[in-house]
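These notes open a run of structures that come right after.
The two complexes that follow have chain A in common; it is paired with chain B in the first and with chain C in the second.
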Partner chain A sequence: MSLLMQNFDYHRPTSLEDLTVLVSDCRKGGRAFAFSAGGTDIIPQLKSDTLHPDCLISLGGLKDLNHIEKRGNRLIIGSLTTLHDLANNDLIRGYLPALAHAAHKVASPQIRNRATIGGNIMVDNRCIYINQSEINRECHAPCFKADGDVCHLVKSAKRGDDILCQARFVSDTAPILLLLGARIAVMGANGTREMALNDLYLRDGIDNRSLEVGDIITAIEVGIPENDTALHYEKLTIRNALDFPSLGVGVRVTDGAVSVALTGLNTLPGLFHAKPGDFDNFDDMIDHICAEAMDFAKTYNQDFFPRHYRKNMIPVFIRRGLDKIIKDKS
Partner chain B sequence: MVDLTKGYPDKGYKIIGKPVPLMDSRAKVMGQALYTDDIRLHNPLTIKILRSPHASANILSVDVSEALALKGVKGVLTGADFKNTFGVLTISKDEPALARDVVRYEGEPVAAVAAETAEIAARALDLIKVDYALTDGVFDSRKALKPTEHPLHPELGRKNNLHKKVVQEFGDMAQGFEAADVVVEKRFRFASINHAFTEPHATQVEIDNKGNITVYSATQVPHYLHMAMAEVLEIPEHRIRIIKPHLGGGFGGKSDPFPHEMIAAKFALDLGRNVKLKFSREEVFFSHHGRHQTDLTMKLGFSKDKGITALGLDTLIDGGAYGSFGIVTTYYNGVLLQGPYKVPNFRFHVERLYTNKPMCGAMRGHGGVNPRFASEVLLDMACAETGLDPAETRLKMIHKENTLTTNEYRVTSVGLRNGLTEAIRRTNWHDKHDKLPFGKGIGVACGFFISGSALPIHWNKLPASTVRITIDHDGGVTVFSGATDIGQGSDTMLAQMAAEVLGQPLENVKVISADTRTTPVDLGSYSSRVTFMAGNASRNAAIRMRRLLVQAACELMEMIPPKYDRPEPPEDFFRQGGRKPDFEKGFLGANPDYTDGFIFEDGLIRSEKHNASVTFLEAVEKALEQEGILQVSGTYRAPKMGGKFKGSGAGLSPSYSFTAFIVEVTVDPETGFIKVDKATCAHDCGFPLNPLAVNGQIEGCIHMGLGQALMEEMIYDNGATQNPSFLEYKIPSAFEQPEVDIVPTYSDDSEGPFGAKEAGEGILAPIIPAIANAVYDAVGIRLTQLPMRPDRVVAALEREQKGGAKA
Partner chain C sequence: MKILTLTINDVSHSKAVPPTMTLLDFLRDEVGLTGTKNGCDSGECGCCTVMVGGKPMLSCLMLALDAEGHEVTTIEGIAKGNDLHPVQEAMVEKGAIQCGYCTPAMVINGVHLLDNNDSPTDDEVKECISATVCRCTGYNSIERAIHSAAEKMREKQHG
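Coming up: the complex of A and B.
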């Protein structure tokens, strides 16, 4: 309730080598640690006491991870690139305007100046019952994510049931990155590895990323789409600034095939594809992909908008994205 | 630069009527203005408050021993340490500084710690053990009406949770509805909303070696806080000095005395140490005092020829756990419907209920905002059903000057007709209304508000406001006033009064305000009373000062000083029901004319008749010879007004403001999003003293109204505040603010200072129904629930498509 910053050790390594040593020291000492990139997601969690690391490791000193470059037909985005830089970078605006747009739709200028792309794809799942200060959490029985054994969204759920924490996925940049087939470079205790961004996300609202403790994302790599491809991101919020997406819809059209990526509707992002050959006509294809997307949505009343509205807006936003793409092309 | 004086008459004033930046705006923008929490007292203790995590519970025990034992903790207070409860209204002093035996809302203060550092205080809170026995709470005003053995406030002796019920009826309702061409009725529901001011509550207390305390607090009403604190702490008022530093917004949310102020003062007195305390945003939401959640059914009878024939309403307002201003709110939910149009037959029935939620109280447009929404929407429906133009109809129905309303309010100046006429012209209303394509709409609504409550909420015979003015030997003018500048610019307004009367540049006038030791009593900044009341007091004081200087100047110029007649107000202005108000002795008269045959300008006092002058400074020096100080006071008291029935004092004001909005919107029928494209405002604030400040208030009211209209709501889950943060409590961002067109609108109020009336609150109410009426024009749905969220728009459109099932 005090919203005072808790006590922890703070480190700001300036090289990946130093980082590795720090992480390994923490491990050996049995000290819980957490990473902070821009800090815009983790600092509020530390203040509201939903996270208690012994040690906070800032990644802000790793200047090598702040870059955007073109290698052949691929773009490499350092994970510490700020959302402001991403939204305003000439390469991104030129080759991936939908990604620049999605980055620009995050929060506010102040936050985009600090928040990073790595942080945005890693942003913790949110729920109105957990992302509260201590007193408000105390008012309800502790939920799964607070080490308790109830879920206030799925009232019948008990720990041990198959029903997992429903804290929802809220990254604005993930849908477009997923539609681009982004891959991420991960550095961990056993060196560096690569994986599809899509494999990063897990179904549980608590353990919602497939990384090992101590892993960090160093870069994101995306292919530059061919001319037959266009993308669009549309976000539902009551205000035109500040808010996490109540619903975010990314749409990709490649040579008649349509892909859709969703955020804000489930514990993880959704990704759906449809190609013209499988359907009688274009409308059938869109109906199908809308139905799939609506099936995927697991909305609860944990947002400004009621659940049915968010769900009903999915096809509206998909069709709007398509209209926008078609309009831009003509 | 836009000439903001354009459209208003030139009355030959030098300072009044000119766009003047507020005196403290530069300091605020530069970060130099000290707000309460910026003040640095010597070595203060930090106070933290332990709040109840339960909305409804009995406190079985509070064990503070471990907290007290923590190194650095200097004191712990619990409910047992405070004997007296308090409240802003003498008739509902129902709130304890710290909960005793029972907690009535989530976030209620239960214990408090004073410690050497904030960290120690926070740790100590964790060591306090409170044993609660949970009880069944009541979270809904309808349920609160039901009989119960355990009401929130058993001291009222009721068998349910009713706090206050008011029923008033005027005329003959049955006859009124009989005479109507059309009768429309709807149920409306309104969420509770928060003031969302920028500066969270904060208090610091300094104690001297004799045990006297100086309380620095973010408060709108130093005087009421002074009285409440003396009573709660059981010490005389002279041992307490209340100072309001710079204040970051109030909107009614800082107009009650608060528990944390009592706690801080008590710690300072008990421990002999300076103390400080500030709220987190979450604590602001727990303290709330915002607009009541309202469930209102209204019925309006309308005749094409006669206008409104009858208006009746039944309303439940959800007061939350304590009284606050609630009794006043209960009345205002009815009485403020007596304008801007004549309502010949009128009945209202309003009940305020206690529930286990943070309390509601006064908020900008106090009590009048929600019923205004209902009445303006119903009026729009009546116009639609009778085929009348809603703007022209309103124009015809606006009160005439110098009329008495059905409940015997004395309406004097009315300047809205010209403003609304111009707004209709500027917006091309007749080309747009009912003619725009589907999805585009235009709507109109009007409002009416008091310029200060004529009666004090603590009954006394003192003037409503007193201002003291001194002039130093070097000619510097200082205005002392208890009026509280909460960002609205009252200090600047007070200085303008004195500068105009004394012919001084504004920068020669300093204002010392809101300090109970050095400034005279003013009842505070609420009910839009400051410009009218403190403004008149400042003007009257300046006139007295001017007379002293003219006297001195005449002595120097060896002239016979002018003889002042006490000006009598013209009779018809004060007539009421055949009675003439009885003015108190010291009353200077309404807007007394201060023409005295002298001109104060360019540092000179010049006789108009004779070619003679002395410098202002010479006159000041001469005037100082006698007493050594040059000091006068001026007062304002409202004329005697009001009917002879119970509750006739509610909503009585020496004058009323009038507002009209024409709003243009775009509605997305698929997503239900309402975009307000443009708001055209005509607000009759009498004569605008400072058009820059008036325009600022209009823009602010539009923004705030937009919030209540489209997105703001306090969300509770069994009494738990679900959105106590600026992330989850949605205030419109700059993107949502529409284009604003302000139509210069004025009247010359015969009693307002230099003709002025209020401009801070009345503007807020009509923007909201104007949006709703524009939505109807755009897509043909009547929205009856605030906020008008997109999902509600979509749902209403679906109902409409299904054949207009009842909305």
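Coming up: the complex of A and C.
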């Protein structure tokens, strides 16, 4: 017997024009809708009843959004490119090996065959109290993310607070994309616009993306870094073959300057930069950036690793990423 | 309800399905192909792996309607009549089957790996079965079976 989903209407547009019409019809009819790309994160939410749309719009039929191409010194990645294709694409492996590696670190081989890069940067924030079966969830009072009135991590939280929900940001590909200064093309009711990926992410675990209802990401654009740049992504998980990151660290070194991007440690990704001129020596610079990263991390007990362990692993993983970059260079 | 037409193991099936039905339930309950197993129903155990468009995917994390237009291959479509696939043969020979619940998924993963790579390394074999949970064998016998199947397939190919 399988977990049952609440009933919804299903649509599978085959062109962006059809999609626009469909979205506008749903809007006019006052019907709540959800988009599904690969569906590997949406379907568990439908099964555990944390998401209950009137209408599910499957994006799988939009073949035009599945491509990777090089334009000048930039790579354009269609948002429906699967993580498997991204990790194994010659252009990505050649120009952005760290992105191929990060895509390969997402979930399992079967999920990467289905899940998309657009879905991965949009993956909903997670918390141990909400992302579980409905039966288990019923052991607790419903939290804010489940339309309830309590946060089980921050008991003093109340409606009206700046940050209501502490659900973690868990995309594996976002840190490397942010370190590469990725931009995204977003199609909405008023046409297509472009924005920095960094501007997509908001501070609250529930209202965690800056897109309007009905917006979809059509492409991700990434500049090819110069030869003096190297990147690496390191991830801590319980089960390497499957799990979301308990913490993920992207490291970028460009001509001595170091940048670090974090995932899994706060409601949104963290991004920090340090230039060698501002510090006495390299070790001081790394100590500084590690301290900043640890400061940023809000490690509540919402993961299978104890909170202090996760926090203390941040500098370890930053240094591990740097070591890998230095080792690869020499 | 929508009418779904799907080619499964080279046979076309047309059924009326609700949008909420997963590919897994469609295969097991509508088409009667119960070789594909339902383990966790949430993408964690890998038991429900089938090939969709030639790639292993989790049928519990996929709506049946989303599979439209893709060929689906389940464990029932791997053997040709009474002739087992080399991966299946090797699983029997190497004692890689105990309770059998993960076996269909392990076979699908192994077949896909060897279709694309006739001499996989240890790491590649491990990765290919990494997301399918087996609670009996301890995985070693399954890895040995896939290596042994690779050898058989190479021998067959090179005569």
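Going forward, the second predicted complex is superposed on the first by the 325 of 330 C-alpha atoms of A that agree within 3 Å, B and C clash if a C-alpha of one lies under 4 Å from a C-alpha of the other, contacts with A are read in each partner's own complex, and residues count from 1 in each chain.
Here is the rule we use: a contact is a pair of C-beta atoms (placed from the backbone, for glycine too) under 8 Å apart; a residue touches a chain by one contact, two chains touch by 3 or more.
A quick note: this is a predicted structure, and the numbers were derived from the prediction, not measured.
Legend: residue contacts after superposition of the two complexes on their common chain; A:128 is shown touching chain B, with no touch to chain C. Contacts of A:141 after superposition: neither chain B nor chain C is touched.
Using the contact criterion defined above for the overlaid structures, shared-chain residue A:39 touches chain C, although it does not reach chain B. Using the contact criterion defined above for the overlaid structures, shared-chain residue A:241 touches chain B and also reaches chain C. Shared-chain residue A:12: touches chain C; no touch with chain B. In the superposed model, A:58 makes contact with chain C only, not with chain B. Touch criterion met: A:4 reaches chain B and chain C at once.
Contacts of A:109 after superposition: chain C is touched, whereas chain B is not reached.
Looking at the shared chain after the overlay, A:305 reaches chain B, while chain C stays out of its contact range.
Residues 2-4, 133, 240-242 of chain A lie at the contact with chain B in one complex and at the contact with chain C in the other.
By the touch criterion given at the top, residues 2, 18-20, 22, 24-25, 38, 41-44, 46, 49, 52, 55-58, 60-63, 65-66, 68, 109, 127-128, 130-131 of chain C touch chain A in their complex. Those residues of chain A lying in contact with chain C across their complex are 2-10, 12, 36, 39-40, 43-44, 46-48, 56, 58, 60, 84, 107-111, 113-114, 133, 240-242. Within the complex formed with chain B, the residues of chain A that make contact are 1-4, 128, 132-133, 135-136, 138-140, 152, 236, 238-244, 304-306, 308-309, 312-313, 316. Residues of chain B touching chain A in their complex: 48, 50-51, 53-55, 106-107, 118-119, 121-122, 125, 280, 282-283, 670-672, 710-711, 717, 719-724, 727-728, 730, 732-736, 789-791, 794.
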